[in-house]
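Per-chain residue numbering starts at 1, and chain names A, B, C and D are given in the order in which the chains are listed.
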Amino acid sequence: MSNFRYKVGPIAKCVFQTQSPRSNLWCTLMQYRFYPRPTSFPDYFQNPIFRKEDQAKLIESNELTKLAALPVKPPAAYETSSVYHDPLVSKLINHVMKMGNKKLARNLVEKAFENIKRIQIERYHLATTPEEKAKVVLNPKDILHKAVENSKPLLQLLPIKRGGITYQVPGPITEKRSLFLAIKWLLEATNDKERTIHFPEQFAWELLDAANNTGKVVKRKQDIHRQCEANRAYAHYRWQ
Amino acid sequence: MLSRNLRFLSRRYSQGVTFRTTETSPSQQNENQIGLFYTVNNDVCKQLFGHGGLPKSYMKQTKTFTETSLMVRLPALDIINCIKATDFDKPVIRYMLYGEIGAGKSLTLAHLLHYAYEDGYLIVHVPWVSEWLRRVPRHKEMSNSPTHEGLVDLPLDGAAWLLHFKMQNQVLLKKGNLKISKEYVWSKREQTPEGAPLAELIEHGITRVKYACDVIDALISEIKILSNSKQCKTFVAIDGFNTFFYPLTRLSTPTKKKVTPEEVTLTKSFMELTKNDWVNGVIILTADQLGVSQDHQESHLPKYLLYKKGFEHIDPFVPVEVGRYSEREFMSCASYYRDRLWLRGPRETEGELKLASACNPYKFMELCAPL
Amino acid sequence: MFLCYNKMSFAIKLTLKQALPIASRSSIILQNVYNYSSKATSQDNFYNNFTDWETLSKKKKVSKAMRAYLERAKEHDEFMKKQQFEYNIGKRHLANMMGEDPETFTQKDVDRAVEYLFPSGIYDRAARPLMKPPEEVFPARKAAEFDEAGWPHHFLFYTGKPNFFKLLYDITENIQDLYKYGDKVIRKKEVTDEKLLLNITGSVWLTKDQLEQLLVETVTDLEYDNFKLAMDRLVSLPHSHIYKDFIEKFRKPLATQRFALEIPKPSYDENGNAFVTTYECLRKKARGDVTIKSPGTGKITINGQDLTYFEDTQSREQVIFPLIFTGMQDKVDIVCNIEGGGPSGQSGAIRWGIAWGLRSFVDKDMLEAMQLAGLLTRDHRRRERKKPGQPGARKKPTWKRR
Amino acid sequence: MYLIFCHKSVILNKLIKMSLFIRNYKPGVAYNAQILWRFNSTTAETVKQGEDEEEFRVLDILHKKGKLQKRVNRRADIQPDRSEKMPTDQNWGNVWPGPRSFHPSSVPLPIRQGYVPKGQAPPGKKANAELMKIPNFLHLTPPVVKSQCEALKKFCTSWPKLLNSEEAIEKNYPMEIISSDYCHASPTIRNPLARIVTLRVKLSNLKLDSRARDKFLRLVGDKYDEKTDLVTLTADRCPVRKQNMDYVNYLLTACYHESWTVEDWETDKCLEDMEYYDFDLNPSKKNLVNWYLMSNNEDNNLNDEQVKNFDVSKIPNGVEYKSAVSELFNEGESDLALNKYDTSVRKLLGLPEKKIAN
């Protein structure tokens, strides 16, 4: 019997240890869909690799033949191999979407991009020297990426109850959650607007601000960081 | 090595696609310039389209592109060709522009207006008929017409249009050789004497908004007389003409009675103008799906949009289709957008956009917007 | 008297002599039982062994549980024999009815005949009439897990799921062995042959149902996950090929996607142009057919209209997705008829149809790329039904204390 | 070895047992004794069996058990199923001669049906309502069908020789009557669907003139298919096929004769009905004439009658224009019709031809 107990231990260990290490590239993270519950596709179905660049990468690393044997999930209705397809943008659209009205959500986000583009092109024309012109980022998607990158928090505050008192304890944040918070804050900042201003305009301004490392969202992020810094003393509650 | 070659090739390619023409006078343009863009002089643009005439989205583009460029397209050239070959002693010929939503009917009309302006026509241009009949802002001025029993006046819209007319024809009006043929008595004190210049009549309409619609009525009959007597050539352009024939407008009288288009005095005047009982002029109309309500947008063809009544009103007319971009036009447009920084990214995506937009000009512009 | 005594002592001697071997023999029998129940039982095995037990039971003092079990087992055995007999007779009858030779009448023929005689359109195939051999109809049962005295054979009997936990135990033991082996290899600085390495692509772990069938025990979801994790751990070790047989026992080969790579030849119309028609393009509630004509200019016709049939950009992008992916947008013409569903479903169905039809016109590398991009996989997901007692498919009413 | 021991006498056994017990006795070791029990012969076992029963006897003063046992009345022996006695080479057609709902005792198949939870077997054929609900074709097994066809063969006549092609059939028998017979699973021979009768005839075979044809088409409505030129009349309102047949014939006859009669109100058709666009009656003609007169600077105060009688062919290219307008209205608007209209108008107005993109 004791022998048995000795042997069961490692099982439990391997049960709880085999979590695949998450990649830090959140961009690739978003292309893969993780489902908490079993979906209608069995779990041996792989996520599709539908972008040409990704496939080229696989061919280079000789993993293509290995993957080709396994069945693959079909790409979702919003995924294409188009050059302009961007997982972050589709994620953003999903965040903007209300009541499943994706058409409207996509429209709004694209309008916002259009506004950014118009503003940036105007700046480009206003710039006098070629160096200044080169500095102006014209691609709205680049601005979105920059904005999200700038507004992603590195730390978060967790309420932990110790001795009847809830402490705000600073702790590290997962990649996924920090991305979620960044997009959420951007949208919250946008929705906090006058009634007469439309969403795309306000959102364009917010994105430009955040990409410039200024604005409400970046300030909010810095606030959180500052608070974490202030509550540094409670950090030990995380494991005590 | 390869990449350098590629870059070299692509640069050559981009240079290979010319998208601009220096020929800015529409009357001089020919088939060789099809699909190329020409820039309209800013002053002319302001004069012609200062009070409307270009679609809103296009106005936005002109601001972003810092210029007003129009593409030379086949329908416009076709009509210009026809106008050049017209015998002006015969009754006026009516052209009907039709096409899908976003195909470029209004811009073709703008192109033709530019031609008319250059050629010294008296321009009677209605930017968008729906503006009068189907757009109901919070305070839409409406009054019963004092002169026509049972009809409705739209004085503010009328005055706005008179202003537009004055703006477009300021050169001709300043010359002052267009005179009124008879005396108009507006009220006991106000009248316009016979032989007064046309500008006076218009000025009266603008200052005394109450009489704007009557002034338009008078103005149109005067224009007809002037054209008949060969004192001026007249160019009539009405965008969204089919709105006049849709059974209902969105207007309603204070007693909540729905107004039909015939009950509006403006309709009556422009109906008179679009008859072919006068000479020395050109009439260009457009039939637009957006000019009528959603339940009557199944087809973009003119007979469907005009109903039988409208068809018979302007029969015989020359139908001119404004189609989607051809291959050449599309590539030229894409190059233009690239030049104006509106479109970026690798070259091969143009094929993608071409498929996705189905070569519809407006859709193409829309698809490029967020890229 | 003496004689009598003598006799008696002889008898006692004899008994003593015999007693020991017999005792050991009985322990051998015990060993048998042990083996027998520790592994999963198949039906035949069970009956063969069973007869022994019947005779034995008469001669031994047996525990109550054992007796009950034996009674049950006997009953079951007889029942199964009867069923088998009936099935065989019935099969001959059926062959006679259908006018065929009873000797060559296979199970396939039986199924066909039953479908002919009792045509039933019931949606669920499991609810239709059937005539199957009894082994398939009646679920397998576990053999005795304890001896006649009531002692369990299995050292994990009291876990309730001895077979399952024995399996976990075995996995762990194998893992430990592999660790040791690995250490040894490192010490000896040997190099393992590449060919020997375990290649498990193309097969998956047994599903929960299959595992349950194999173990003759019910397994919870959590336990199944544990099983998989432990197995994955075993497989991930560098020398796992040593336990290849053990691992293969719990893997099932995948129904490969090769059928997707099996390409139909295009047909030719009167002008000699190749075309391929894919019928039954399904997605959500939409269904339709897609025809691809080979020398083409990229013209897309959907229900008589062009791509403007779809007003939203997303649907248009979906339709042109396979064309762009394969770079065939200027080389083929596409004609589709589609009905039912909304724009998303329709465009998805067309996407699949185009990709499926394009297989005939692209080369092998591209085909593999399409497969990897998931374009050749049918999206069979449907709307989940609403459940009674809750507002949606999964949504529950708002929780209230009272 | 074991067997030998079984033949030992009872007494010996008892003795051995006793001695063994004594010899091997150690406190707390009961196991040895237990193993030794197995040496007992069967007879010894039977003797002991009463003692093995650990059941506790309950005091039964009122003899309740006995009473209860009496009450259990045994069911009479059930006769074994007919199906169990069947030989496997019987003639099945004799066992199950006609349609009948499923009967378990007559069908010698261990058939099962029913939806059951996982791990259970579906219910068997006896007392299974599911099996009775579904149709069966036990009366139409392949050998039976074959034998019945053989039996029917002698009543059949040969196919007429002259009717050797589809055309010949259509020419001699232009009217087609379709009805269906059903071989049915249920005991009744009458399928309700068998009453439906469909009549099909080509409209061209009816020999109607244009007015009558028009009226006939209005009468039959959507029962006429333009593509195939077929009129299809279906009747299913009467309970018997014969009646439906008569009704279909009546329908066709009535429609035919009715289409030939001319009612008074049929002359009242006017322009607004827009049945057919007649160019001469429409304002388009007036427009054309007015335009023509105006462009030639002639007096254009014609009244309606004059306009109507104006000869279009006097106008250059007028005829072509007329046909283009008529087509536009009669055949609906399409790109083709519009193009035709376009070219004709350009000719009429003397404009250059339409430019075509090169």
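In this section, a contact is a pair of C-beta atoms (placed from the backbone, for glycine too) under 8 Å apart; a residue touches a chain by one contact, two chains touch by 3 or more.
Note that the structure is a prediction, hence the values are computed from the model and not measured.
Trainee: More contacting C-beta pairs: A-B or B-C?
Mentor: A-B
Trainee: Compute the distance, rounded to whole Å, between the mean C-alpha positions of chain B and chain C.
Mentor: 70
Trainee: Where the centres are mean C-alpha positions, what is the separation of chain A from chain B, in Å?
Mentor: The mean C-alpha positions of chain A and chain B differ by 47 Å.
Trainee: List the centre-to-centre spacing of chain B and chain D in whole Å, with centres computed as mean CA coordinates.
Mentor: The separation of the two C-alpha centroids amounts to 60 Å.
Trainee: What is the distance in Å between the mean C-alpha positions of chain A and chain D?
Mentor: Taking the average C-alpha coordinate of chain A and of chain D, the gap between them is 53 Å.
Trainee: Out of chain C, which residues touch more than one other chain, so two or more?
Mentor: In chain C, residues 313, 317, 324 touch at least two other chains, as defined above.
Trainee: In chain A, what residues contact two or more other chains?
Mentor: Residues 82.
Trainee: Residue numbers in chain B touching 2 or more other chains?
Mentor: Answer for chain B, listing residues that touch two or more other chains: 352.
Trainee: For this structure, give each pair of chains that are touching.
Mentor: A-B, A-C, B-C, B-D, C-D
Trainee: Enumerate the contact residues on chain C facing chain D in the complex.
Mentor: Within the complex, chain C touches chain D at residues 8, 11-12, 15, 18-19, 21-23, 26, 58-61, 64, 83, 86-87, 89-90, 92-94, 96-99, 102, 114, 116-120, 122, 124, 126-132, 137-139, 149.
Trainee: Hey, which residues of chain B end up touching chain A in the complex?
Mentor: Within the complex, chain B touches chain A at residues 60, 63-64, 66, 340-342, 344-346, 348-349, 352, 369-371.
Trainee: For the complex, give me every residue of chain B touching chain C.
Mentor: Touch list, chain B to chain C: 100, 351-352, 355-356, 358, 360, 367.
Trainee: Can you tell me which positions in chain D touch chain B when the two form their complex?
Mentor: The touching residues are 282-284, 287-288, 290-291, 294-295, 321, 325, 328-329, 333-335, 338, 341-342, 345-346, 348-352, 354-355, 357-358.
Trainee: In the complex of these two chains, what residues of chain B are touching chain D?
Mentor: Residues 31, 34, 74, 77-78, 81-82, 85-87, 90-91, 93, 276-277, 299, 301-304, 308, 311-312, 315-321, 326.
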